[in-house]
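Presented below are the structures under discussion, each in the form of structure tokens.
Consider the two complexes below, in which chain A is the common component and chain B and chain C are the respective partners.
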Partner chain A sequence: MSLKEKLQSSYLAFEDHLQADSPLHDVRNEAMKCFEAKGFPSKKEEAWKYTSLNALLKKEYSIFPKNENAIEFKDVKEYFLNDIDTYKVVFIDGIYSSFLSQITHDVIDVCLMSSALNKSKYSSIIETYFNKAANSDSLTSLNTAFAKEGAYIRIAKHKEAQKPIEIINFATGTEAATMLQPRNLIIVEENAHVQIIERHQSLNKNEVLTNSVTEIFLEKRANVDYYKIQNDTQNASLIDSTFINQERESICSVHTFSFGGKMTRNNLNFKQLGERCDSILNGVTIIEDKQHVDHNTLVHHIAENCESHQDYKGVFDDSATGVFNGKVYVEKEAQKLDAFQKNNNILISDKATINAKPQLEIFADDVKCSHGCTIGQLDEDALFYLRSRGIATKEARALLMYAFANTVLESVKIPELKGRINKLIANKIGVNLGFDL
Partner chain B sequence: MLQIKDVYASVEGKDILKGISLTVNAGEVHAIMGPNGAGKSTLASIIAGKEEFELTKGEITINDEDITELGAEERAHKGVFLSFQYPVEIPGVSVTNFIKTAINENRKAKGLEDMPASEMLKKIKEKADLLEIDRKFLSRSLNVGFSGGEKKRNEIFQMAMLEPKLAILDETDSGLDIDALKVVANGVNKLKNKDNAVIIITHYQRLLDYIVPDFVHVIMDGKIVKSGTKQLAYELEEKGYDWIKEELV
Partner chain C sequence: MSKYTEDDLKKELETKEYEYGFYTDLESETFPVGLNEDIVRAISKKKEEPQWMTQWRLEAFKVWKSMQEPEWANVNYTKPDFQAIAYYSAPKAVDPNKTLDDVDPELIAMYKKLGISVDEQKKMNNVAMDIVVDSVSVATTFKKTLGEKGIIFMSISEAIKEHPELVRKYLGTVVPTKDNFYASLNSAVFSDGSFCYIPKGVRCPMELSTYFRINQAGTGQFERTLLIADQGSYVSYLEGCTAPSRDENQLHAAVVELIALDDAEIKYSTVQNWFPGTAEGKGGVYNFVTKRGLCEKNAKISWTQVETGSAVTWKYPSCILKGDNSIGEFYSIAVTNNYQQADTGTKMIHLGKNTRSTIISKGVSAGKSQNSYRGLVKIHASAENARNFSQCDSLLMGNACGAHTFPYIEVKNKTAQIEHEATTSKIGEDQIFYCNQRGIDTEKAIALVVNGFSKEVLNKLPMEFAVEAQKLLEISLEGSVG
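After this line comes the complex of A and B, so read on.
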């Protein structure tokens, strides 16, 4: 049985459990139909030209984990930001872990998607927001059909989340192969602020395929800083689709740090619906072996006087492969736009590859759009300069890599998180520089 | 201290140094002059260990130890320092972080612990003051957006921090106005002692008024064609290089 067939039959059983009168019933059925019609994406599709799911789809995934698995805090402590207090929404194999979480309903809602989907007091919110930012590509549709659990966050008007929120999805790997489909919904109302850190972490070497979807709504003047830490094990793959709708004067930044995992596909979609929005998309990718990271970004400019800034850095060693497919789409109403896109790559090994494809589609005439893409090696002259001062080759290379990534790192607004990311990079390149850049 | 014996070097199959011999003893200052393209920077690079240049013949020793097989960092650990003619810009690394890393990497190579932070700060302050470098300057990205003069001053600041045994200053005077030249020369003179040596590569005798050389050598077409004392620098300033060429034929 193919994965698609397996999902189809699982869906029937899954849908049976849900109340038929649930308003979501139609949404799910519609989404499942959409997935059935489109199937998994193949390399024939332009957007998937450089990323193949074929090998991943051949595994025998368990769609719903059979057992609830407990994990001890000490075993996963390293994946949390321990030096500061945070809200935590933690899932183990897709199931909420109250033990590891710290949620709240006090002034702000940091809780569960399952509550939001099932409790009547949330029904109008679900009706207003659920699946309203997401698009209907096959993988997102598949997630929508199976949407059951994830984080639900709502920051009310003029409120600020006092602590960052960590959303962590652990996979225990108790089964040979697990498929997970978390679904997050984040609503940030007028002038409200929140910082969120999202992480998917597999705890052993078994296969995990995560098809995650997050919808984020920013109302007028809302402010969101979102950080994705992708540093998973060698058999963990992630398809991460994030859909962001921005109303006027809102500011949203998404940082994606991709340091590990077998295959990682990031679909990051911004829609600027109101005037004077600012969207910031930053990424640092440092991978090796046969790892693959694909950044597929879309910024859809619809309103006037907006800005978008993209800065993606990639360092690829061994046979690692990277893709950067960045699209800026400017409607004719989106005048006085300032859109900027930068993608710089370093290939450490001659077997590493990067496919970079910036796309600008502009229908407005009074706009400032720029994009730049570079692919190169570490600068030999810079390396010699550092070595001539007594800095050993390995450290000199590390210093140059840090320096390269630094424009993105320095925009991380949570100092402890920045420190953590510095450490992750240091571990990856096996060098501790003894200072944070 | 430094002995260069009949060195030939090439880059991309092109011969640049064609039999250079030079001995520099501790306590000495040597000046190397010569027209553009003569091979002065190449000589500096080959002493510092730039791998792009291939040593096709000859030997380079420091305190009787052959260094030709050593990497640039190992030569630095032995006390070689090159002030670059064209210092490289490194965005994202501040001057301070760079020099801290360099100091501690040199200490690590000698089996020493990192320099305590307070001592480091004190030393940075002292050397920055010596070279009249503004504090704000130290937190900027290395050489990025620096003027020609700032780059050179920063090179000598690094030299002051690292206290090398053999310093090679490649056209450190170019891009400096007279005041900056005096500051830099004063810095070099303060660092100079009987146990270290300096090689100054320059076009003009201007710098040599402030850092007085014991010997002056002229390189043309990859060879040292004339050696003398400071007097030779004045002659070159006055008459150019053509008379040496004529003397040669």
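After this line comes the complex of A and C, so read on.
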């Protein structure tokens, strides 16, 4: 039985369990139909030209994890941001872990998608927001059909989340292969502020395929700072789709740090609905072995006087493959726009590959749009300079890589997180530089 | 360039209508419409081609039948009905033994209107012409001068008869018959084109030139150009295209193959000014062209194109940098106005070591037109120290047009150095103001800015072409200020 067939039959069983009167039935059925019609994306599709899912789809995934798995805090401590207090929404194999989590309903809502979907007091919110930003791509539709659990965050008007919020999805891998489909909904109301850190982590050697969808709504003057830490094991694959709708004067920045995982695909979709929005998309990718990271970004400019800034850096070693497929789409109405897109890549090994496709589609005339893309190596002269001053090759290379990624690291606004990312990079390169950037 | 004064420009701008939109009443011999194996055989027979050539065409036709029209390009148009086109149209006046003086005076008059009368060219510009009217070569000048150097420059149908060994060796090696839909179609039905061979170590003393022109209504133009520069030789080749105004869409599906052997250099310049359709978007030429060059060791191919015409353009002059140290260049200006659509760019395939490529693409869109740059830079694992620089700039005039950039960059070698940058902007109000202030009206100011914007590419054109191209730019943007 192919994965698609398995999903189809699982869906029938899943649908039976849900409340019959839920208004979501239609949404789910619609989404499932959409997935059935489109199927899994293949390399023939332009958006998936450089990323193949074939090998991943051959595995026998269990769609619904059978039992709840408890994990000890000490085993997973390293995956949390320990130095500071945070709100935590933790899932183990897609099931909420109250033991590891710290949620709140005080002024701001940091709780669960399952309660939002099922409790009647949230029904108007779900009706207004659920699946309103997401598109109808096959994988997103699949997630919508199976949407059950995830984080639900709502920051009320003029409020600020005092602590960063961590959303962590653990996979224990008690079964040979697991497919997880978390669904997050984040609503940031007028003038509210929030910082969110998202992480997917597999805890053993079994295969995990995560098809995650996150919808973020920013109302007037809202401010969201979102960090995605992707440092999963070599057996975990992630398809992460994020849909962001921005109202006027809102600022949203998403930072993606891709250091691990077997295959990672990031679909980042921004829609600027109001004037004077600012969207910031930053990313650092450092991968080796046979890892594959694909960044697929779309910034859709609809309103006037907006800005968008993209800065993606990549370092590729061994047989790693990097893909950057960035698109800036400017509607006729989006005049006086400033859109900038930058993608720099370094290839370390002969077998590494980079495929870049930075696109601009512009229908407005009074705009300033530019993109730049480079592919090259570490500067031999700079390397020689460092070595002539007694710094070993390995450290010298590491320093240059740090410098290369620095523009993105600088933009991390949580100091503890920045320290954590520095450590991740140092581990990755295998050096200890002993300084803070 | 100095001769071109403001008054000239004014006069040009007054002739708003497509100035080459006349129809010459030549007696033509046209095949019945439609396409089948018999038509392919008939074309081949008409051209008195050898058996291998007929076979080659039939194979291409077989492949073509199994192919689908490509849909990935960012253009919208009603697909041509390939069974409603006459695949062969030749002016009856043609006679291979004719000297230049015998050429149909009406034809000469037509070229005069185009500003490229044969004798004028011969006298003034020192340019050898292989003129193609409705796919058949009518006059080839300077054959003798070229012959002394051993340069073969003739129509491809003559070449098939006179130099079959060369044609057979190289035809279809760079653009294979099954390359793409339009290339296959062209391979099956091409009626004529130019053939050029530059022998070892010869530097071609003059610019070679072909002027294409679609004259007969309802005919598709399928020319085939094959240009071979043997070791250490150099040639600069010009191609110009115009078509009279016609309401129905005309199809133009050409194939150009360039082969630069070791140490050879080819410079290929195109000014394309096919009929772009009326201001309402009616009519115009469909220009679906496959152009590709192959560089052997230390060879260089440079494509320069000025694209101002055609309702729909689908064209990607490419370089395969096979030999070590070979160089590929692509300089392009694409101007679209009214309802024109252009999807153009290049492919640079780096296979050899130390290969270099440069891409400079300038797009200007006005009116309700859509202008796309689509390019591929591919560095294979074998291409050590490959270098590429790409720059694509777009200029937007008015808020009803669109500019798009679709660059593909694929790198499989760590020593590669790739830079790509693209910008999109409109003409600065301060620039216009500066010109206005100095008594230059807005329309002329825009022409100035556009010319400045395109300078990098215009500079790469041979002198005679540069002047024409500059004029063309101004004419195509006429009326787009607003």
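FYI, the second predicted complex is superposed on the first by the 437 of 437 C-alpha atoms of A that agree within 3 Å, B and C clash if a C-alpha of one lies under 4 Å from a C-alpha of the other, contacts with A are read in each partner's own complex, and residues count from 1 in each chain.
What we mean here is this: contacts are C-beta pairs under 8 Å (C-beta built on N, C-alpha and C of every residue); 3 or more make two chains touch, one makes a residue touch a chain.
In this text, all values refer to a predicted model and were calculated from it rather than measured experimentally.
Trainee: Quick one: chain B and chain C on chain A, clash or fit?
Mentor: Fit: chain B and chain C sit side by side once superposed on chain A.
Trainee: Which partner does A:C34 contact after superposing on A: first (chain B), second (chain C), both, neither?
Mentor: neither
Trainee: Pick one for A:L424: touches chain B only (first), chain C only (second), both, or neither.
Mentor: After superposing on A, A:L424 lies clear of both chain B and chain C.
Trainee: Looking at A:I125 after the superposition, I want to know if it touches chain B, chain C, both of them or none. Which is it: first, second, both, neither?
Mentor: Touch status of A:I125: no partner.
Trainee: Just chain B (first), just chain C (second), both, or neither: which does A:R389 touch?
Mentor: first
Trainee: Which angle, to the nearest 10 degrees, do you get at the Cα centre of chain A between the Cα centres of chain B and chain C?
Mentor: Rounded to the nearest ten degrees, it is 70.
Trainee: Give one of first, second, both or neither to describe whether A:A47 is in contact with chain B, with chain C, with both, or with none.
Mentor: In the superposition, A:A47 contacts neither chain B nor chain C.
Trainee: Can A:L399 be said to touch chain B (first), chain C (second), both, or neither?
Mentor: first
Trainee: Who touches more of chain A, chain B or chain C?
Mentor: C
Trainee: Touch check for A:D366: first (chain B), second (chain C), both, or neither?
Mentor: second
Trainee: Minimum CA distance, chain B versus chain C, superposed model, integer angstrom?
Mentor: In this superposition, no C-alpha atom of chain B lies closer than 13 Å to one of chain C.
Trainee: Under the touch definition given earlier, write down the residues of chain A that touch chain B in their complex.
Mentor: Contact set of chain A toward chain B: 379-382, 384-393, 395-396, 399-400, 402-407, 433-435, 437.
Trainee: Please output the residues of chain B touching chain A within their complex, sorted ascending.
Mentor: Result: residues 48-52, 71-73, 75-77, 80-82, 84, 87-94, 97-98, 100-102, 104-106, 109, 114, 158, 162 of chain B touch chain A.
Trainee: Would you mind writing out the residues of chain A in touch with chain C in their complex?
Mentor: Touching chain C: residues 46, 332, 335, 345, 347-377 of chain A.
Trainee: Quick one: which bits of chain C touch chain A in the complex? Just the residue numbers, please.
Mentor: Residue list for chain C touching chain A: 72, 381, 394, 396-426.
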